[in-house]
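Look for subunit A in each of the two complexes below; its partner is subunit B in the first and subunit C in the second.
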Partner chain A sequence: MSMRSISLNVNGVVKDISVSEDTVLLDALRDHLGLTGAKRGCGKGECGACTVLVDNLPVMSCIYPAIKAEGRSIVTIEGIGDDRTIHPVQKQFIEKGAVQCGFCTPGLILSSKALLDRKPHPDEREIRVAISGNLCRCTGYTKVVEAIGAAASELRGQVVSSYRREPKTGSIGRSITRVDSLPKVTGKAVFTDDMSLPNMLFAGVLRSPYPSARINSIDCSGALSHPGVRAALTAKDIPGSNRFGIIVKDQPYLVEERVRFVGEPLAVVAAETRELVKEGLNKIRVDYTELPAVFVPEEAMKPNAPRVHDTGNILHHRKIRKGNIEEGFAKADIIIEKTFTSQTVEHAYIEPEAALAHMDHGQMIVYCCSQAPHYYRNEIASMLAFPINKVRIVRLATGGGFGAKIELTAQPYAALCSYFTGRPVKYVFTREESVITSTKRHAFNLHYKLGATKEGKLTAARVTIISNGGAYASYGPAVLTRSATMAIGPYECPHVHVDAYEVYTNYPIGGAMRGFGAPQMAPCHEAIMDEIGRRCGLSPIEVRRRNLLRPGSSTTTNQVLEHGIGALETLKQTSGRAWPGSDRGAI
Partner chain B sequence: MKKRGRGIACTYFGMGNTAKANPSIAFIEVCEDGTAIVRCGASDIGQGSDTALRQIAAHTLGITPERVTMVSNDTMVAPEAGVTSASRQTYVSGNAIRLAAEQAKAVLLEEAAECLKYDPVDLEARDDRIFLKENQDAYVTIEDVCGRLRAKGILVAGTGTFTPPTPEALDPETGLGVPYGAYSYATQIAEVEVDTETGEVTVLSFTAAQDVGRAINPTAIEGQIEGGVGQGIGYALMEEVVVENGVILNPSFSDLLIPTALDVPYIHSIIVEIPEPTGPFGAKGTGEPPTCPTAAAIINAIYDAVGVHVTSTPVTAEKVYWAIKKKESEERRP
Partner chain C sequence: MRWETYKVARSLEEAFGCLEQFQGKARVIAGGTDLVVQLSERGADSGMVLLDISSISDMRGVKIADGGKEIMVGAATTMAELAQSEIIAKYGRALALGASCMGAPQIRNVATIGGNVVNAQPAADGTIPLLALGAEARVVSAKAEKWIALEELFLDVGRSLVNPSEEIITHFRFKPSAETGSSSLQRLAKRKAFTLPTLLVAAMVRLDGGKQFFEEVRIAVGPVARTPWLAREAADGLRGSPVSQEAIEKAGAAAKLAAHPRDSLRGGAEYRKEMVEVLTKRAILECVTSLGVNV
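Now for the complex of A and B:
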C-alpha cells in the first residue's frame, strides 16, 4: 500500500507523518502522534469515544481518513486543557460527578465544547442532541447534562455554585471529587490500549464459527511460516491447566476436542503488527466435524438432548421450600399466574477488553482492564504452571465492566504468547469480538403463581426459573441462586416454593451482569403485585406497603431481618415525590 | 393517540456473594508526615470505590481525605479484596479498611494519650489532629505523633480483614438460611408516554430511591443510581442480543442498541439512609440495586397508560403495538 506524507495541525502544532490512504485519523493521532486521549470503542463511528474536533466540528476519528484532515485544524482532548489550564467543560465534568469509568469522557467533552462554542445558551434538549452520538454506559447522562449546563453558565461568566449540604467535619457524607477524575477529563488516564512497551507484539485468537463441533485437527504450520508471525499456539502448548471458571472449572482457554459455542477460542497468534496477526490467523487450518447443537434450555433439559457437557445439561438446580405451599394457596382469596421471558443482554462497556502481558525476570506481568485482578492472577498462574506470587496483574483504568470484566478475556492469550515469545504482547478486542465472546445477562423463562388474601397480603408463591446458561458455567449457578432468593421481591410471604434451573446449551455464555439475576425477576413480581392491588381495590403504593419487608419479617430463605431495612422508606419517599395522591391509600 | 401512565416497582438486593465467604483484606501505613497509604485490591472500574474507600480510611484515622492515597490496582502491592461484584466493595472492603484504620489509630491514640497526659478513651482524631474530647484546645497533630513514635522505633500500620456475616451455605434441599449479611432496598417510579398508533414508549420522568445505609459520597451514589436506571431503561425497552443457531446477529452498536442521551430522561435520585449496623459507618453497597426495579416500573407504567401487560423484555414498540391491537379486538368481541 502506498504511503504518503501529510502535515497535520493538531492542537495548534503542525507535524508531518507518513500514512496510507486507509489510515484513519484516530490511528494517526494514537499511533503516530502518541495522543491517546481519543479512544477506540467500536472502530465504526457508532460509539463516539473517538470524537475529536476538525475545524471546530465533532467528528468520529475512527472512520475519518487521516489524509482528509490535512490542512484542517484538529483539536483533541489534550488540546483543550490540562491540569493547569483546565477548560470549564472539563472542570464541570469533575465538579458535577459526570465522570465514572472515563472512557467515553474525552469524546463527550469535545462534543460538549463544540456545542457551547456555537451555542452559549443551550437548553436541555439541545445538550442531549449534541451528545447523542456519544454513548456512555455508566452515568445515565443526568450528571453529564448537568455538567454541560454548568459549563455553559461558567463560560458566560456566571458563578456556578453547589448547594449540597455537607457535614462540617470528617469525610463520611462528603461529595469529594473522584481521585481519578482529573486524568480522565484531560485524556491522561491510561487505559490498556493506551499503553505500549518496546519490542511489543500483537495477538489475536482464531474462533469457532460452529456452535457445536469436534476438532479433528488444527494445523498452525502455515501461520508459523508466515513472515512476522512469532507464535501460533493451541491447547497442547498450554504448560499448566487448560481449565478455568470462577465457580466451576469447566472452560478451556483453547479448545482441545470439542467446540461448544460460536466464538470459542481455538488458537492464538502473536505477530509483529495487527495486520500480520490477521494474516497469520487466516493461515491456520482447522478440520471440524459438526455435531448436533441445542440452544433452548427446555430442549436441553430433555433426556435425549445433545449433551453440551458429559456431566449432563442441568448445571444447577436451586430449590427453595419455605413453609407449606399447598397450605399457602389454600389460604389465598386471589391466585394470579403469569409467564414471562427475558432476553440476552450485553454489558456494552465502551472500552473493549484489552491486555498487555510481559514476562519480566521470571514474573508474568499483565496490564489489563479488570473487575477481578486477584482471580486473574490465580487462573493465569494455574495456566502457566507458575506459583501465584510469580504472576502480577496491574489493573489500568477500566472502561466499565458491569460484570463481564470479571471474566478472563484477552489476558490469558496475551500472557501465553508473552510466555512463549519472551516479548511484550498486546491483545485488544474489536467491538464485535467483545460482543460475540463476552458473557451475557442470562435469558430467563419464568413461571409465577402467587396467592394473596383479599386484603392484598401474599400467602403463597410458586416460581419456576429456567436460565439459559450457555456453553460454560461462568457465574451461572450463583446468578441462579440470587434469582431464587430475590424471586418474590422485597415482600414477606410465608409459603414459598422455587425451582430454578441453570441449563447448559450451545448459546453464548451467561454470566454476571449488574443486578445478577434480580432484574429478570422484578417485572414478574411487580406486575403481579399491581394485579393483586387492582383485584383488592388497593393502590400500587398501598398493596406494596402491606407486603414490604420490615423489622421482624422473614425473607424467602426464612432469614429474619432485624435492622437496616429501608424498604418502606424508599416507597414513602418516591411516592411522596412522584405519585400524587399516594398518601390516600386505597383507590 | 399518546397516553401517559405511571408505574412503580420495589426490589431488594443482598450485599456480597450469596451464602459464601467473600473476604477482603486491607493494609494501612501511616507515614511520618501523617499521611496514609491504603493498600486494598478493590477494583475501581468507574464506580468510584477508590474515592469512597479513601473516605472511609480518612474518616476512621481522623485525617483529611486528600492525605490518603489508595493503592488498589496492582496484585503485587494491594492484597486481595475479592471481585468487584455483588455490590460488595464499599460494604466488604470498606469494613476491612475501617478495621485496618482502627488498628493504626489505636497506636496513634496511645501515643497521643501519653503526650497529652490523658487516657486514649478521652481522645478523638479528626482534621489531622488528636483532640481531647472535652477540651478542643488540647491537641497534638497526627504528624507529631508519628514523629514521636518513629523516634521510639515504632512505625504505624494496620491490617483489617472482613467477610460478610453469612454463616453457612443455603440448605441444598430447602434453600433456607442466611444468604446475605445485609440488604439494600430500592423503589422506583417511571412516568411514560405510549403512542397507541406505533407502540412507541417514551420515558418522561424517572424517580429512584435507594436505601444505601449511609451515603459515603452522595454525588458518587447518585451517579450509581442514575447509571443503573439508565441501564435499566435500556433493558426494559431496547436492548437485546439476537442469537440465531448460536450466532449473534447484532454484534455492533448499529444494531445492538443501548440508550443514548435522548433515550433517558432526567433521573431524580433519592438517597435514603437507614444505617446498617454491619456496614462501615452504616453503609451498604450501591452498584447493582438501582438496575433491578427499572424495567418493572416501566412495564407497570405502560399498563397504567394503555392497559396492556407485555410479558417479555425488551418491551419494543412492536410488542406494545400488537398487545394494544389484541386488547382492542378482545374489547370489540361481543
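Now for the complex of A and C:
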C-alpha cells in the first residue's frame, strides 16, 4: 500500500500528513492529527459518533475517504469551542443535562451546530431530524432536543434561563452541573481509544465461528513468523489462572479444549499496527471438531441434552417458598395462568469495549472503560499470577455500559500481551466483536399462576422462570435471584412459590443489564394484574391500589416493610396521567 | 486494505482517461456510503483503484431543461441536495421525499443519486421514485453515450447494465409533473433513520385537464422483486378510468396480486404483500388529493 501526502484544512489550519491511500477521514484526524474528539463507534456509518463537518455539512468520517477531504474545509469538535470560548450548543448541552456518557456528544453537537448555522429557528421536528443520524443510548434525546432549542434561542440573542443555582448549603434538591460535562462537550474527555502510549502495540483476538466444538490444535507459528507480529498467545501461555467469573469461575480467557459459544476467544495476537493484527490472526490455524450444540434452555434441561459444562446444564436453581401455596389457591375466587417469553437484549453502548495495558516498574496498569475496576484488578492479578497490589485498573471515560461493562472484555487480553511483550498494548473491539461477544439481558420463559379473591386481592402466586444463561455464568445467578424476588413486583401476596432456573446453553452469555432481572418480570405481573382487575370489575389503578406493598406488608421473601415504601404514593402521583382525559387511570 | 489507490476526477475527460489507464481495475465511486463500508468489511483485490466522480461539477445539481419539458438531475447530486431542491419538490415530489428518508443526514450529505441507482438495490430510496417518475439515465463511456429508461437498467440485485469500470451515469432526466400531475411516496420502515424500507411505493399520476380521468399512472414498488419493480397491471388499469375510490381500490388490489415480495429481516412476505395494496392506494390517493380532487 503506497503512502500519499495530503493537505487537510482542519479547523481553519492546513496540515500536511502522509497517509496510506485507503485511510478514512476519521483515522486521519485521530491517528495523524491527534484530534480524538470524533469517535469510532461502528466504523460503518451507522452510529454518528464520528460525525465531523465537511464544508459545513455533517458527514460520517469513518466512511469518508481522507483523500476526498482534500481541498475541503473540515471542522471537528475541537474547532468549535474550548473551555474559554465555548459555543452556545456546547454550553446548553451542559446546562440542560444533555451530556451523559459523552461518547456520542461531539457528533451530536456538530450535527446541531450545522443545523443552527442553516436554520436559526428550527422547530422540534427539524431538530429531531438533524440529530437522527447520531445514536445516543443514555439520554433518550429529550434533554438533547431541549439543549439544541435553548442554543438556538441563545444564538438569536435571547436570554436562556439556567437550571443552575449556586448551591448555598450543599447540592441536595438542586440541579448541579455534571463535573465531567465540560471536557465531554469539547471533545477533550479521554476515552480508552483516545489514549496512546509510546512504542504501543495493538491486539486482536481470534474467535470461534462455532457455538460448540472441541479444539484439537491451535497453530500460531504462521502468525509468529509474520512481520510485525510480536506475540501470538493461547491458553497455555497464561501464567496464572485461566478461569474467571464474578460468581462462578467457569469461563476461560482463552479456550483450552472446548468452545461453548460463537465468538469465544481462542488466541490473542499483538502487532505493530491494527492491519498487521488482522493479518496475524488470519495466519493462525485451528483444528476444530464440531460438537452438538443446544440453544433452548428447556432442551438443555433434558437429561440427554448436549452438556455445555461437565457439571451439568442447570447452573442455578433459586427457590422462594412463602406461606402455603395450596392454601393460597384454595382461598382464591379466580385463578389466572399465563405463559410469557422475553427476548435477549443487546446493550449497544456506542463506545466499543477497549483497554490499554502497560507494565510500569513491575506493576500492570490497565486503562479501560469499566463499570467494575476492582473486579478486573482481582481477576487480572490471578491471570498473571501477580499479587493484587501489582495490578492497577484506571477507569477512563466510559461510553455507556448499561451493565455489560461490568464484565471483563478487552482488558485481560491487552494485559496478557503487554506482560509478554513488555510494551504497551491497546485492544479495541470492533462493533461486530462487541455485539457478538458482550453479555446480554437474559431471555426468559416464564409461567405464571396467580390466585385472587373476588375483591381483587392476591392470595397465591406460583411462578416458574427459566433463564437462558448462555455459555457461562457471568452475573446470571444474581440476576436470577432478583427476578425470583421480583416475580410479583411491588405487590403483596401471602402465599408465594417461585422456582427459577438458570440454564447453560451455547447461546451468547447472559449478564448484567439495566434493571438486573426485574424488567423481564414487570410485563408479566402487570398484565395479570390488569386481567384480575377486569375479572373483578376494578379499574387498573384500583386493583393495584388494593395489592401494593405498604408499611406492615411482607415481601415475597417475608421481609416485613416498615417505612419508606413509595408504591402507593407513586400510584397516586401517576394516576390520571397514563390515559389523559379517560377515567381508566383515575383512583 | 480497503483499496489500493484513490483518485478524484475533476472532469469527465479526466475520469475516462483514468478508467482507460487502469484497464478495468478502476471502479467508479461517488459518495461511497455503501461501497466504502463493503470494502472495509471484505477488503479489496490488490491493484484496485477507486475513481471518485462526485466532484465533477457538470454532474452536480438540478435544472429545468429543454424549455421546461424535462428535469435534469446530475448524477453526483447528493440526496440532501435533492431533498432540499425546490425544483424537485415542485416537479418530482416523490424523489424529494425518497431522498429525505434515505439513511441519515450525514449519509444524505455525501450519498449521490447516481450511486443510489447504480447500486441496483430493489428498494433504494432514490431509485423507486425515479422509476415512478419515468426517469432515464444518461450512461456515458469513453466511446459512446446513451439514454436508458430506468426499467431497462437493472439486471439483478446489485447488478445493472452500467459497467462501473468503463461507464458513468452522468445525469437523469424525467418529465416534470404538469398542472394536472403529481407524485408521492409511501415508506414503511421500522425506524425513521438508519433503516432500509420494509416497503417503498412511489406513484406518479397525471389526470386529464378536467381532473376527471387518470391519463397516465406509474407505480414503482420495492422490495418485491430482484430489481426495482413497476406495478404495470395496476397502472394500466387506472389509465383512462375515472378518478374514484373504486378505481384506486382496484389498483391497490392489482398491485398486491402481481407483487412477489420475500421474507427478510425487515419484514415477512405475507405482510409485505398486504402492505403493497395499502401503500399503493395511499400513494395514488395522495397524488390525487394533492391535485385538489376529493374521492
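Simple rule for what comes next: the second predicted complex is superposed on the first by the 567 of 587 C-alpha atoms of A that agree within 3 Å, B and C clash if a C-alpha of one lies under 4 Å from a C-alpha of the other, contacts with A are read in each partner's own complex, and residues count from 1 in each chain.
Rule of thumb we're sticking to: a contact is a pair of C-beta atoms (placed from the backbone, for glycine too) under 8 Å apart; a residue touches a chain by one contact, two chains touch by 3 or more.
Only a predicted model underlies this, so the values are computations on that prediction, with no experimental measurement involved.
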{"item": "Partner chain(s) touched by A:Lys44 [first = subunit B, second = subunit C, both, neither]", "value": "both"}
{"item": "Subunit B versus subunit C as contact partner of A:Leu549, first or second or both or neither", "value": "first"}
{"item": "Subunit B versus subunit C as contact partner of A:Gly566, first or second or both or neither", "value": "first"}
{"item": "Partner chain(s) touched by A:Ala478 [first = subunit B, second = subunit C, both, neither]", "value": "first"}
{"item": "Touching partner for A:Met60 - first (subunit B), second (subunit C), both, neither", "value": "second"}
{"item": "Which of subunit B and subunit C A:Val129 touches, first, second, both or neither", "value": "both"}
{"item": "More subunit A residues in contact [subunit B versus subunit C]", "value": "B"}
{"item": "Intersection of subunit A interface sets (partners subunit B, subunit C)", "value": "44, 46, 129, 132-133, 135"}
{"item": "Touching residues (chain side subunit C, partner subunit A) in the complex", "value": "1-6, 8, 32-33, 36-37, 40-41, 44, 50, 52, 54, 80, 103-107, 109-110, 192-194"}
{"item": "Of all residues in subunit A, those that touch subunit C in their complex", "value": "1-2, 21-22, 24, 43-46, 48, 51, 54, 57-60, 63-65, 67-68, 70, 111, 129-130, 132-133, 135, 275"}
